[in-house]
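The same chain A turns up in both complexes below, where it pairs with chain B and then with chain C.
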Partner chain A sequence: MLRLFISRCALALFVVFAISIICFLLSHVAVDPASGVAGDSATDADLEAIRLQYGFDRPLILQYGDYVAGVMRGDLGTSYLSGEPVSALIAERIPATALLACLSIAFALALAVPLGVLAALRPNSWLDRGALTLAVVGQAVPNFWAGLLLILLFGIKLQWLPISGSSTLAHFVLPAITLGSFAMPALMRLIRAGMIEVLEADYIRTARAMGLSQRAILFKYALRNAVLPVISLTAVQFGFMLGGSIIVESVFAIQGIGYLAWQSMSRSDMPVIQAIVLFISLVYIVLTLLADLLNAALDPRIREKS
Partner chain B sequence: MTLLHKFKTTSAVAALFSLCAGAAFAGPSDNSLTIGLGEEPPGFDGYISTARDGVMMTRHLFDMLVYRNPETFDYEPLLATEWTRIDDLTWEFKLREGVTFHDGSAFDADDVVWTLNTYADPETGARSQASVSWIDRIEAVDPMTVRVVSKTPFPAAMEFIAGSLPIYPSDYAQEVGLQAFSQAPIGTGPYMLEGGDSGQFTLKAFGDYYEGGGKGTPSIETLNVRIIPDTATRIAEVIGGNVEWIWNVPEDQVSQLDTLPTVTAEQGSTMRIAMVAMDAAGRANPDTPMADIKVRQAINHAIDRDAIVANLVGGDGEVINVPCYPMQFGCDTAAAVSYDYDPEKAQALLADAGYADGFSIKMLSYRDRARAEAVQSYLAAVGIEAELEVVQARASFSAWREGGVDLWYGDWGSFSIADVSASMGNFFNGSTNDGARDQAVMDLIAQADATVDEDARKAAYSEAIKEITERAYWVPMHTIVMGYAYTTGLNFTPNVDELPRFFLASWE
Partner chain C sequence: MLRHGGFMIGGGVLVLLVLVAVFAPLLAPHDPFAQSLALRIKPPFWHEASVAGHPLGTDQLGRDYLSRLIYGTRISLAVGFGAVLISGIIGITLGVVAGYFGGWVDTCIGALITTRLSLPVVLVALAVVAVVGGSLTVVLLVIGLLLWDQFAVVARTATQQLRHAEFVASARAMGASRMHVMCREILPNIRAPLTVVATVEMANAVLIEAALSFLGLGVQAPLPSWGLMLSEGKNFMFFNPWVITLPGLCLFVLALSINLLGDGLRDVQEGGR
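After this line comes the complex of A and B, so read on.
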């Protein structure tokens, strides 16, 4: 278990390092960073002044070296545009994104688990078909469109819910539904498939033969085994949400990580972009690690193997 | 039964949530206006925050020395009550007595001297160096008189003084530092920043704002600014009435929005001009067909600009034949050679140039894909295959400047400055924006930039316009229109300089 943990951590560090290089190179090659900082109507003199001020005229390797040295000291740099420390900008936006991610994943699981279990109990029934249709629709409808439809219905027609902003809990309802319904189908299908497989297993038949109640069989014996891959997938989905959904946060004007990423990209605010990419990869890596450990805790076989 | 029950529960939950949401902004009843912007200004320092939304906020929080009336284009008193030119380099300003900053401190010459001298220093890092780099120094003659001295005779000085140089309180700004100042600004403007957090902030009318300045005194008490990045969401908020003013409304949405009883939508003309600039200097490719004057003339004849304006620009968009905005000083439309839509002539010119079979080139654009595709198909009709890429504004500008494309369908707002030095002066002066690099034109521009004699400047610019259009370095396309939508009952007038002035707005 400890060996697994250490090797995973080493791998994670390597991934973070590789990501930082790729991101750094891409953001310097795609657009002249000076023209990003200066804006559309910059003159040559503006660009030159900015290059000198920010050191864009120096070799890339030196700029990258400075960046890495800063990160090692816990200094993610300062935003070219607002001049605020990047760590503060990110910290300021984590609560909104985290709240949205928790609500969305809760919404997704609240739909996916019961629907998946019910569908598995009666494969090919009308309920299974209905759940499948819901899954296909949820997966196929693009986020921005689903968001707009929800805005039209609940925001404008019925006027039940606020459309944009993040000042009250009510502001998170529509975005959480939008984001959650995109994550829900994969989870539901995975639960359904896992349950069908498990319910046909010998030990379930044995349990039935022993006269155990349906409830005990379902929740104590079947679901616990079917849920293992679901945990991994949930972790990945949750990581994706914690990284901030650029589209959902933009559509609903939620001041989270995704919106910050989008804004920084459109303004070539390099230090912020790099820090966000680093942050997102860290979130992913930590969550996958946690999912592995949780799986190991739930399934003795995984523990034994490692 | 269950469905109905469920429905009831949902409505109850929703009702609960709408209670949590609190009262929406009330508009006319509490004399406030909620504004939806697409981008959050990085701060409120007008020398740093140079994107449109930021410039707009600067004009509300701060005052410049003079005000340029957006209707008449005349200069009117603001922080200065009188001004005279002492010599070719020097302007003298008499400052207004009794002006106070939002924190109650008094305004005097020290504030002007400190602000302008600080930002004229390139080390301070003003984003738009063009706005300040011409300044040699600012001197106080007495506590209520200052002199602005330029390095060389600088004809557009008053334009920049009225447009881009807000005055800060020297004591406060020095005390807190410019970084903190940008987050908690204090000015003399008609509105003061009351506060806000990420995604929204509030401006309150400044009670002690002086009377007699060009901006008048504000009628609307509170401006609530909300940042909503998505255009569709901004439009939805205006329809729902939670946001009462937005801009950058796409052309096709304006007419639809205007049919709603609660929303007024309109297209305002702007001084932003669109052009297809050609890489005549061959920066992208030394063998580019663009180097041939006949090819450039052919491209001018190939594009039906009237059709593009009528069908895709909308509003008051107009075809232009000059490489500048016609209302700008020195933009002599009579001097321009114009090219009518004549695809046959275009083909003949191409054949003359040895391109009877056409050729293919790279074309870059942003802002509006439909317009760019229209140009692409007009070119295809005469045998020119333009490989079109539509990218973000910034990527597009930097590609053109680095000389990566043959054709660039871009646009230019001239920093809202009504002088040709801000348009032609930026695109034909040998800078990276200049795809022509025509020495004769560059000399004319330099000559016009170096004198304050209005007639001499006009003459030089007219000559430059003639050269540029004769040699067909650009296809001057059209003016751009800006789409606005706001709650009906708001008195609001769009201005050609794309700077909304809420201190002039009011509720009916």
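After this line comes the complex of A and C, so read on.
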């Protein structure tokens, strides 16, 4: 377990390092940071002065060192547009995106677990085929289109739900359905496949032979074992949702990190963009690391394999 | 394979869409770029206010919607095939090398794969387009350079399983170079799972292009990208819902046909084992 822990942490550290370089390149090399600070009206003399003042004329490796030191202190740079610290901009947007991602995952799991289990209980039945068809269809729907259709149906035609903004919980219903239904198919397939495999195992036959009720077999024996890979995938999907939130948030005008990213993109506000890439990647790395460790803690076979 | 319903439907629709893309100039009733101020936002044929000659109506600049949808097939398919070609070459090379050599090579490539997986694709693609500027080529390249992870993961696992196979050992014993073994012995034998990955990633690439264009940081106007049409249409959708249902439906049908094809391939492979 300790060896696994160390090797996974080392890998996570390497990935953080690699991603920090990508983000640094994005904000310091891909665009001229001096012209970003100065704005469009700056003269060459202004740019030169800014380069000297901010140290953009120094070797990149030193600038990268400063960048990393800043990130460690929680200083992610300053927005070109608003002049506010990027960390503050992101911090105030975290609650909306976190709420959206949690609701979406909850929605996806609430559909995926029962559907996956029911489909696995009767493979090749109409229910199983229906669930798989739903998965194939769901995976092919572009999520921004689904969002627009939901707006047309529930927002405009039926007028049940608000379609834009993030002030109340009701504002999150349609976005969470949009984002969650994109994650649902993969989760459902995994639960179904896991359950089918587990239900064929000898210990389930033994449990049946011992006369345990179907319900006890399902929930106490089968689901518990089938759910292991789902932990990893949920972590992965959660990361995808943070990344995918940019589309859904821009459709529904939710004031989250994704919306901030989109606003910054259209105005080339690089410090904000690189900070969001860094932040979402870090969340993903931490989540997958935790999922791996949790899996190892729950499943001795994974521990021994390493 | 020919008896698999999903495979046949998916493959059939995809072939049809490829034909539509190839013969777009012959099929489109109008020039997809020709504007007409008098004919802005005219509804499709089932609507009583529709105008003759524009069976699927016109957009906010009076351009024929059917023609734009037909030409849009070209953009989506170009991105789909192009991006998969690029990502396939990168991912399969990395995966086969990692799986064949193992050891520290595998560790390094594994770390590279993990790094790529940690990057949010849409966000990074958007950031690159924001820096470089949006165009069809940029979008195609960026998506291709980002989507190689699954190719690498699958190629690596499949190669690891074959590394110690007898035919690989005998090829080595006969004096075949490592390059030869990887390209001629291993690659043909891991083709099947990689084809399935290719379909998944192609559908992915199509949807990502549409998402980037929808957000205004992808293919640029006046090109008739379906994602861009959705973005332009969303300001008019409240009174004219068809401006967003039609391009979205095209995207959905294309992605669905690719997914059905991939699912069919997977079923046939698993059934054959």
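Note that in this section the second predicted complex is superposed on the first by the 252 of 306 C-alpha atoms of A that agree within 3 Å, B and C clash if a C-alpha of one lies under 4 Å from a C-alpha of the other, contacts with A are read in each partner's own complex, and residues count from 1 in each chain.
Going forward, a contact is a pair of C-beta atoms (placed from the backbone, for glycine too) under 8 Å apart; a residue touches a chain by one contact, two chains touch by 3 or more.
It should be emphasised that the depicted structure is a prediction, and the values quoted were computed from it without experimental measurement.
Which partner does A:Ser250 reach: the first (chain B), the second (chain C), both, or neither?
It touches chain B and chain C both.
Considering only touches as defined above, state whether A:Ile156 meets chain B (first), chain C (second), both or neither.
A:Ile156 contacts both chain B and chain C.
Contact-wise, after the overlay, does A:Ser268 reach chain B, chain C, both or neither (first, second, both, neither)?
both
First (chain B), second (chain C), both or neither: which does A:Leu148 touch?
Both partners, chain B and chain C.
Determine, for the superposed model, which of the two partners chain B and chain C contacts more residues of chain A.
Between chain B and chain C, B touches the greater number of residues in chain A.
Examine A:Glu200 and indicate which partner it touches, taking first as chain B and second as chain C; both and neither are also allowed.
So A:Glu200 meets neither chain B nor chain C here.
Quick one: classify A:Asp46 as touching chain B (first), chain C (second), both or neither.
First partner only.
Please write out, lowest number first, the residues of chain A touched by both chain B and chain C across the two complexes.
Looking at chain A, the two contact sets intersect at 30-31, 144, 148, 151-152, 156, 250, 262, 266, 268.
Please name which positions on chain B make contact with chain A in the complex.
Of all residues in chain B, those touching chain A are 11, 14-15, 17-18, 20-22, 24, 39-40, 42-43, 48, 50-51, 122, 125, 127-130, 133, 179, 182-183, 198-200, 226-230, 232-234, 236-237, 239-240, 242, 392-395, 397-398, 401-402, 412-413, 415, 426, 431-433.
Give every residue of chain A touching chain B within the complex, in rising order.
30-32, 35-47, 49-50, 53, 79, 81-84, 92-93, 144, 148, 151-152, 154-156, 158-171, 173, 250-253, 255, 259, 262-263, 266-268
Once bound in the complex, which stretches of chain A touch chain C?
Residues of chain A touching chain C: 11, 14-15, 18-19, 22, 26, 30-31, 136-137, 139-145, 148-149, 151-152, 156, 236, 239-240, 242-244, 246-247, 250, 261-262, 265-266, 268, 270, 273-274, 276-277, 280-281, 284-285, 288.
In the complex formed with chain A, which residues of chain C make contact?
That would be residues 6, 110-111, 114-115, 117-124, 126-127, 130-131, 203, 207, 210-211, 214-217, 227, 230, 234, 237-238, 241, 244-245, 248, 251-252, 255-256, 258-260, 263 of chain C.
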